[in-house]
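Chain naming follows the written order as A, B, C, D and E, and within any one chain the residues start at number 1.
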Amino acid sequence: MKKTEYSPFSVLWREVVKDKLALSSLLLLSLILFIVYGASIVLDQEEIVKVDLLSIYSPPSAEHWLGTDYGGRDILGQLIIGARNSFTIGLAITLLTGLIGLTIGLIAGYFGGVIDNIIMRIIDFILILPFLMLVIVFVAIVPKYNVFTFILIMSAFLWTGKARLIRAKVLAERELDYVSASKTLGTPDWKIIVREILPNLSSIIIVNLTLNLAGNIGIESGLSYLGFGLPESTPSLGTLVSYATNPDVLQNKWWVWLPASVLILVMMLCINFIGQALKRAADARQRLG
Amino acid sequence: MKRSVLQIESLRVSFRIQDEYYAAVDDVSLTVHENEVLAIVGESGCGKSALALSIIGLHPPERTKLEGAVVFKGKNLLTQSVQALNQIRGKDIGMIFQDPLTALNPLMTVGKQIEESMDYHTTLSTAEKRNRTLELLEHVGIPNPSQTYDRYPHELSGGMRQRIVIAIAITCNPALLIADEPTTALDVTIQAQIIRLLKNLQQQLNTGILLITHDLGVVAEMADRVAVMYAGEIVELADVHTLFTRPLHPYTRSLLQSIPSLQTPKETLHVIQGIVPPLTKLPRTGCRFRSRISWIHESKHEPHPILREVEPNHWVRCTCYQHFYFPDGGEKA
Amino acid sequence: TDSTSSDPKKPTEQTAPKEDIGNFPMTVKNDGEIVDGVLTYGLVSDTPFEGTLNYAFYTGHPDAEILQFFDEALFRTNGDYEITNDGAATYELSADKKTMTIKIKDNVKWHDGEPVKAEDLEYAYLVIGHKDYTGVRYGDALIQGIVGMEEYHSGKASTISGIKVVDEKTLTITWKQANPSVLTGIWAYPLPKHYLKDIPIDQLAQSDKIRKNPIGFGPFKVKKIVPGESVEMVRNDDYYGGKPNLKGVIVKVVSPKVVLQSLKKGEIDIAEFPTDQYVGAKGTKNIQFVGKIDLAYNYIGFKLGRWDAKKQENVMDNPKFQDKRLRQAMAYAIDNKSVGEKLYHGLRFPATTLIPPSFPGYHDKEAKGYSYDPEKAKKLLDEAGYKDKDGDGLREDPNGKKFTIHFLAMSGSDVAEPLAKFYMQCWKDVGLDVQLVDGRLAEFNSFYDMVEKDDPKVDVFAAAWGTGTDVDPYGLYGRNVMFNYSRWVNEKNDELLEKGHSEQAFDKEYRKKIYNEWQALMNEEVPVIPTLYRSALYAVNNRVKNFTVDPSSQLTWKDVGVTAEKPEVE
Amino acid sequence: MTFLRVNQLKVHYPVRGGFFRKVIGHVKAVDGISFELKKGETYGLVGESGCGKTTTGRTIIGLVKATAGEILFDGKDLTKLSRREFVQYRKDIQMIFQDPYSSLNPRKRVLDIVAEPLRNFEKLSPQEEKRKVQGLIEKVGLHSDSVYKYPHEFSGGQRQRIGIARALTLNPKLIIADEPVSALDVSVQAQVLNFMKDIQKEFQLTYLFISHDLGIIRHMCDRIGIMYRGQFVEEGTKDEIFHDPKHIYTKRLLASIPNADPLRRQEQQKLRQQIEKDYEQLYSRYFDAEGRVYPLKRISETHSVAIP
Amino acid sequence: MVKFILRRIMMMIPQLFVLSVLIFLLAKAMPGDALTGQLANNPKMDAQTLAEMREKLGLNDPLYVQYTRWIKNLLHGDLGLSYVHQQPVTDLLAGRMWNTILLSLCILVLTYAIAVPLGVISGRWQDSWADKLIVGYSYVSFATPLFIFALIMLFLFGFKLGWFPTGGSVDIQLEEGTFDYYISKLNHLLLPSLSGALISTVGIIQYLRSEIIDTKVKDFVRTARAKGVPEAKIYSRHILRNSFLPIAAFLGYEITGLIGGSVFLESIFSYPGIGQLFLQSIMQRDYSVVTALVMISGLATLIGTLLSDIILSVVDPRIRID
């Protein structure tokens, strides 16, 4: 008898492969990531962020394919390192918020009652916090402000949405009889949560995380613009984009900010298209029953 | 002979599933007469709803192919424009849906929802419309019409909501009423009331009713004639007495044997083997039921079964019925 | 990408043209006929102006820019920023130089028609010295130094004994000590007593009379204020200096991001122009640039000790940089010329002393300062015992221990990061391991928090001082001054600074000599390395006439006019 | 031989409202019912939607906490047991769920589904486990290779059999079947019902069979309890209930069942109208002022009715 | 209803309290204070005066004393004194707040004015070229940072084309209260709010689109069709009303986004509002303003969610709030 694969991943994968747009997005994204991560191993970050006063704002040339910025630093190098950093940051935030949101959402949704109530009140509270303002305040406070703390600060605010989503799904899921069945079979709660409910949320989680990842890639750009972004010694796409706030750069030195903007756009679109395909796949499964 | 209100001729309803069309209703011809309840029974997925919805063109046009003809008042509804259909929907043909929980707009008072079809089909004044609505509410057995008028669907029980759905369907005294599983979601006591209500309406309004159900009990209670559907085809068509007393097609007979009966209890129930194949895997030639009566030899089936009249007004598809027996020796035909 | 490592000192072709502030005119050129018109002044600022429109209370630069149009000091100043008798009042110093008699001219009137009186100036001192006063002006040594001021400030006296109103237009101020700085630093902004006296002093700054309907005796009167964004002013026909040329002035806030665009479109006539945008703006047809050297300098300071708040004095107890050869070496190691030319297109240029050339009377033109000389730096380091003993290319301290210097630099400007990076690269080139404190630039507040509190994390810091118009450096380098951030103390220094503002120093030649000595001392000891002098630029529409940044010029806002109804547009 | 005894069981769900989610009332889902099951019999629980059938079943198996009353199983009161103590009774009481689609975890293979209780209670080697599961799967009439499939590869009836196999894994004594066939097509219903009857004999099971379909109840059950708004209105043997209903509510319920004989349509209609009339007229005799039924009264050895 | 609102307001109190403690501690944890480095440009200062001023501002008191003082004043509606502006925060905010409210309102109106038709078109004619175009637009604007977009808008429409004023909130030369004055105000608002709106429509468009796609296959829509309701009315009476429900719930939460967005827009368009004020106050450690602004935006968000619930209960009869 033929064994039929039915892992969520294979289903999602099949859907992505079927969708031409999603497939080409996936290929493009993989290519970009391959180049970015590959190149950034070879490139020396110290060298790239090294100031060279002799080639300030030089336009693209054979030497600097994408020109240089006001510190005479190579844009292409910064773009590659920046893309790696931004993507890593986006991914880390996505995974971290996903992990927190998942844990909390599962607990709140599954146990309900007082625990749920307390968690929901906390989430409500975080939701009313003026996110941008508090992030700015946080950034001012944190003594060692780097990629790591940035990820932590962002994650501290962004997990709530996921927790709510997961909780809502768990609330629906736990009403299903298979959960009751597991309870009557004497399966302990944690096992029910991890082995029974979690796998059924996997597609929704994957979809949500993917779409979130798209949003998180450019997340630091706004803060960079306001002057609360990452230190320049950590190149990021947001930093490059925010150079455009200098009117001269915006109008006359397109090579500084445009490639980063386009890269953000392309990566976001790719991830988005993949996410949309995954979403369709997840829905189709639900329709299947 | 009563006048016919609706004639369905060789109707084929196909849905697009991954770039290919599959017929969910295949070559169905039926006639509904005035003041008559024609019931369509069959297992889930056999195409009952698909048939009903195609009559008034409620399938999404981009994914559905309709062939054949549905003649109503001399017009083929399948070729009508949406505008023209809108003149008929709700006015000459009313429709009752299965799930009263979802069939009503949650944001509109039930009064307004009933009145809405009058907005497009009559020229009544506001007050007249209201009066007519109250009348209808009364008619479908709502105890407190003027209060209920301003209620929202969620404030009503399932039975009440189904009455509202019926009231909507009969607002303009339609010549034809299509009822798709009108009682399935309801408790038996409510079901009995709804059945009576529909029956009364049929008699009072002289309406032809196309009743869709999978509950043979409901059929026995309500129908005048019965069409048994299997896998998109009608396999047997007869008046209700004939069907219940002299069922011929193996499917009809099996179905009747599989329900626990109050009257004649038996130890074990008949089991129809196998399952209805999904739309994409339906056998398109030969007797579609043959796989489920595998003990009847292939040769006993017609290669191209047709629905033929075996006695006056009793139609059966395929010749296999002549050779059919229950393997467990159960009841005889 | 390899090219980024190319050696900064290697001479290569220049990528950006180099500017020289000395080549800029200080006064706009315009030969046209003045017509009656309204001038729009762009207040270049990222944020709205605060609207504390009074000299005694304002803190932000934008407020001061508005103030200049409708209020002014009683005295005009000359090219050395010393008061003259050309303004609204005349002064006379007593023989012991401790008392100044100020006579306000007769035709000087507030905008509401009241004459400006001696008691108005006295009132200004009474407000600033009052214990309820909410502003920051009381810190001024010249104010605290007035006889009787301390008693008044502590509430022991109800008037200031050192200030006497002689008659309606005359008053005398007596200081405890003679100080030549009175000529550049005397507080000469009267407050309209008749207008403000009913408002409690602690409420003055928030009162409508200062925020919404302020009056002064300047060439223009405030007509209307849109808080935070613009001010409309009209000609003061009663201006004591004569009828102003402009019908009115509109001051409006313009973000630095769009200032060039606004100038090009003629939306503003004059704006203090961000120097970092100059290269892109050069050649714009409808505007001309005027400029001068700014009253400021950048420096790199060494943390040599700490501030003892109890004793109110600096204690030099940090051993790390006590060897002045190390400090000198670090000064030689940095290439300020390149920085000025490349990062600032010449609009900043290497500083040679701690008195900028904007004080032409005191700046020592002969002083060489520290020009870029890495070889000398290396030699000095070798001499001082900072040698690379483990062969990693970085020098260890004389005891052979790892020697890391923690460098604090402030974020904010666009080029802050490359600048800091560049300095660190320069130091690395001579074998010094310099790291940023916390690995990043510090934001303004963190920066000063660490510097003021002598955070042990900080070894070296890059900062800047605005000198104000008073040349006396005591406030920045004195033994008892908290702003002496490097905490450097030295007896010779004490002596010179004391002499610099002694009675004797009223003699300009003497004072110049003292300050030359001081500049030499500071260059020898380098508690701080002066790095860059700065330029201040103004962009001015071609229709504007008589606008000047020359401190010695007699032209004032009264004289500024326009020669066309509408601004020129590019 | 009393096997399970339910005594004055009450389950009240709090109704929360307002923003503090304060309890503002109670839904009396089950309001003081008592009945007992005898070993090997099938006890039917019938009533209209929302009358508390499911709640009763779920309370017995411990999915819902009882508000008051006792559930005596083997002489032990299950409502008093802590979660931990309850575990050992899990083996004895199992449940078959209504919806064969949602009661099987779509992400698990049949093997994992059926083996779940084994993994909780018995430490078996993977081989033993698989052998046992395959045995069970064959017992419920599925091919032993099915254990590697996922639920969506089965039809509704087959799924329900998988659910039953899972319930049988631990050799339970009591099975609570909550509307086990109401989600199934008529043609498949029969299959499951027949099968349930078969295994009852084989495993000597006791069923608590919950349904709103009187036809099925009659087909399956020995004794029947009729529920109305959380209480019992009548209890008796199959014959007593179907041939000699005493309570007007029971009568009305029975009369509502569609008659599968079209010839007797008129007759049935008349009977129904008659009973409906009676129901309205006699309402106050059978229900108290609040519309609640009276406590059960025993009218014969096996037959009880809620009349005053 | 009134009871519900009162109860909700009661609920807000603990939330606001926690927020107040949080923001107070955070504000105090920021390095430096209003006097830090501020005097770098004013060398005529001495350490004693500085200390005296810190004392006067109460910056030397223990934290809890400062907190109780602050919260006590807060309860009396006194938000304290802005050190930087030398003005009571309430007065300071009065002017700025109004500008921001205007801007936010304008963004809100424009957002919905753009998003609703686009969302409806997109959802109704799913997969048509118009839909694809709209979805494309929403992807692109999703990926475009607001500040870049706003800058480009400013340079394009403000400077290159000169269609809109490029800064400020009103032309100072116009007489207050005249018609031209209000037109000028509106004119100044248009470009910033359009920039904000074009970016913030994305969420609503996508939401509305998928909501419509979901709703149009609902049973009650089929019921309406079976009644013979014309297609246009099917949308206006049945599908849209139901699809708008979640959007209505969205409305209140939009407020949070608006506050965030105003920080960017105000600083790009030199529009004096609270967003810009916040940035300035953070930089200058003007605590009273920072804390006041965070409290106010917290309160605004709370009110927004309350508003959402009220709106929802008004449009959705299934939700009863009493």
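Please note the rule applied: contacts are C-beta pairs under 8 Å (C-beta built on N, C-alpha and C of every residue); 3 or more make two chains touch, one makes a residue touch a chain.
Listed by chain with UniProt protein names: A = Glutathione transport system permease protein gsiD; B, D = Glutathione import ATP-binding protein GsiA; E = Glutathione transport system permease protein gsiC.
Small disclaimer: the values here were computed from a predicted structure and weren't measured.
Engineer: By the touch rule set out at the top, what is the minimum number of steps from subunit B to subunit E?
Structural biologist: So the least number of steps between the two chains is 1.
Engineer: Suppose chain centres are the mean of their C-alpha atoms. Which chain sits farthest from subunit D?
Structural biologist: C
Engineer: Per the definition of touch at the top, where is the C-beta contact count highest among chain pairs?
Structural biologist: Most contacting pair of chains: C-E.
Engineer: Starting from the mean Cα coordinates of subunit A and subunit B, work out the distance between those two points in Å.
Structural biologist: Whole-Å distance between the two chain centres: 51.
Engineer: Taking each chain's centre as its mean C-alpha position, how far apart are subunit B and subunit C in Å?
Structural biologist: Here the centre of subunit C sits 91 Å away from the centre of subunit B.
Engineer: Roughly how far is subunit C from subunit E, going centre to centre by Cα mean, in whole Å?
Structural biologist: About 38 Å separates the centre of subunit C from that of subunit E.
Engineer: For subunit A and subunit D, what's the span in angstrom between their mean Cα positions?
Structural biologist: Computed value for the inter-centroid distance: 48 Å.
Engineer: Name the residues of subunit E that each touch 2 or more other chains.
Structural biologist: 30-31, 151, 155, 267, 279, in rising order.
Engineer: Please list all residues of subunit A that touch 2 or more other chains.
Structural biologist: Expected reply: 140, 245, 247.
Engineer: Which residues of subunit A touch subunit D once you look at their complex with the stated criterion?
Structural biologist: 1, 3-4, 6, 8, 117, 176-178, 180-188, 196, 199-200, 202, 288-289
Engineer: Any idea which subunit E residues touch subunit A in the complex?
Structural biologist: For subunit E paired with subunit A, touching residues are 15, 18-19, 23, 26-27, 29-31, 139-140, 142-148, 151-152, 155, 253, 256, 259-260, 263-264, 267, 278-279, 282, 290, 293-294, 297-298, 301-302, 305.
Engineer: State the interface residues of subunit B toward subunit D in the complex, per the touch definition above.
Structural biologist: 43-44, 158, 187-189, 191-192, 195-196, 214-218, 220-221, 223, 240-241, 244-245, 254-256, 258-263, 265, 267-272, 275
Engineer: In their shared complex, at which residues does subunit B touch subunit E?
Structural biologist: These residues of subunit B touch subunit E: 53, 56, 58, 82-83, 85-91, 94-95, 97, 99, 102-108, 113, 116-117, 120-121, 152, 154, 165, 168-169, 171.
Engineer: Going by the contact rule at the top, pick out the subunit D residues touching subunit B in the complex.
Structural biologist: 48-49, 155, 157, 185-191, 193-194, 197, 212-216, 218-220, 242, 252-253, 255-263, 265, 268-269, 272
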